[in-house]
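Dropping the structure in here first, questions after.
By letter and in written order, the chains are A, B and C; residue numbering begins at 1 in each of them.
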């Protein structure tokens, strides 16, 4: 198989799939004797990525693998294809989602403790329906509340390969440090 | 709007849609003052088509407009994305097959007598389609039920030269032992 | 609430046009006393409705009060913030707004902190300093603020379906291939073991007495005798198979006769014996499964496992 053929197959498969494909899924397209190793596939993916750098569609690596996606700067026009305007999510939803992303696994009441307000059932439902969060288990306390965690879909939808790519949270100064500072301040 | 931006929007929209778009649908992506006329859009589509000539995905005009489609010559590989997982035969089917193998020629009601449950038509049909069993004749009793027997295909698929190679029923007591022996034999 | 207010989505940042921005007018440089809050705090009733929609609870609101005055979160003048906070709460209650319990709880907490702050520092029974009464409030404000920032950041991140789209092209024509299941012989034997155990056939030698080669021969003979046709008896034997082979064939023929599957026919004495399949004349079908394969029951067993 020529490198050109290999490239065409990988490119064709990624476009036909319409979703991210892993190296393993790409390897499975080939019969045993001609199956490319992971290294060759990564090289092919790099070549494809470079060739699409200036195009409307770009190769992107996300949590579930590699996929082609339409460049963000044409989104305002492209989104007119659909009648529904892309949603803007409420601050309540985004704060809840952030808490789940950074502090997972986390219960609803733990989220409420930090936000200082009740988390509406609607928000949790929307996040579950969007498949951005899932119930990862139950906390062994009375009532066995659900523990929420983010999903691979969440990472994919935000162009992330892993949670580690989320920006670091702002520093929080711990109590003793705060107390010490306050102490100092009050003596000035 | 530069010609490059126009091209990116059209290309992005066609890839985001994943289906054919008409000239009118493409025009609708733009606000009135900058909306390109049909002629400009056709020119843009020609440019995009030429740029994709050697790629795995090509711009194609079909009855319902223009769309990107994966080149036919990579289809044999790409189509593996949709290969279904191999199914597993049910326990009921294996029991039926084993009874036909050991007790052939045998009617359906005789199988049912031993198994204690009805043998579904689907199981018989599947075994016939797989060409593991055949109708060897009919029993001259009311209703003239079919007599089932195993086929040469069955022997081939189970690596047997003849039915005599099947372990004697009396020996099917310690099957794990037999299974181990068969395992060893098939690897020799 | 009015329709107008309902349509107000909670904005990412508080718009400058919100009357609450009047607070900026009373913002003071850190350390400078702010005393004229009440009369600067005029909020049109409509704005109060927006107010409830604008803030994500009391912590968010407190953060706003602190930031609006360029105050350091670590050095909150509790008395002043509490005063402002209570002004709002009081105003809303007088206007009969249904306030979420969280706002009232915060008001109570602020009041407690304020009162404890006025008292001399408490030393508890173990001789430990109880610490700054504001510490817990500050910790919670900080904790909330970092997630408020994270949410803002998340909103700014490109999101599939809004800022970019997954590209898909028409797939080429293909035929779906379903490989048939593979079965190991051992699986088949295990299935047999099960069914035999159920049928309790180990004891009765009903099946095991017959050799398989005879069973196979029976099938082969049946196969050779087309329905309605005659086959010379002698052609069923192959002398090349030797004595044992002939015996097996003979026993197979006898078994078939016994089971009523074939007839042996001899037209007259010493004539050749022929073998005939027992077939109803009108129904010479070999593969018509119509009678045998009846209607499926709903609860029938399937051929495949639903995996």
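Just so we're on the same page, a contact is a pair of C-beta atoms (placed from the backbone, for glycine too) under 8 Å apart; a residue touches a chain by one contact, two chains touch by 3 or more.
None of the values given here were measured: they were computed from a predicted structure.
A.B. asks: Take each protein chain as a node, join two nodes whenever their chains touch, and name the resulting shape: line, ring, star, complete or other.
C.D. replies: complete
A.B. asks: Computing the C-alpha centre of each chain, which chain sits at the greatest distance from chain C?
C.D. replies: When every chain centre is compared against chain C, the largest gap points to B.
A.B. asks: Suppose every chain is reduced to the average of its Cα atoms; which one is closest to the average of all protein Cα atoms?
C.D. replies: Located nearest the centre of all protein C-alpha atoms is chain C.
A.B. asks: Once you find the CA centre of chain B and the CA centre of chain C, what distance in Å lies between them?
C.D. replies: 25
A.B. asks: Averaging only over C-alpha atoms, locate the centres of chain A and chain C and give their separation in whole Å.
C.D. replies: 18
A.B. asks: Let me have the rounded angstrom distance from the C-alpha centre of chain A over to the C-alpha centre of chain B, please.
C.D. replies: 32
A.B. asks: Could you list the positions in chain B whose residues touch two or more of the other chains?
C.D. replies: 12, 15-16, 18, 57, 68, 70-71, 74-75, 78, 81, in rising order.
A.B. asks: Would you mind listing the residues of chain C that make contact with two or more other chains?
C.D. replies: Residues 165-172.
A.B. asks: Okay, in this complex, where on chain C does chain B touch?
C.D. replies: 165-196, 198-199, 201-202, 205, 207-208, 211-213, 215-216, 218-219, 222-223, 225, 227, 259-261, 277-280, 283, 285-287, 289, 291-297, 300-305, 307
A.B. asks: Write out the stretch or stretches of chain A touching chain B in their complex.
C.D. replies: Against chain B, chain A makes touches at 5, 7-13, 15-18, 21, 25, 28-30, 55-57, 68, 70-71, 73-75, 77-78, 80-81.
A.B. asks: Note which residues of chain B are touching chain C in the complex, please.
C.D. replies: Its residues touching chain C are 12, 15-16, 18-19, 57, 60, 67-72, 74-75, 78-79, 81-95, 97-99, 101-105, 107-108, 114-127, 130, 134-141, 143-147, 149-150, 157-160, 162-164, 166-170, 172-173, 175, 178-179, 182-183.
A.B. asks: Which residues of chain C touch chain A in the complex?
C.D. replies: 9-12, 56-60, 74-75, 100, 102, 106, 131-132, 134-136, 138-140, 142-155, 157-172
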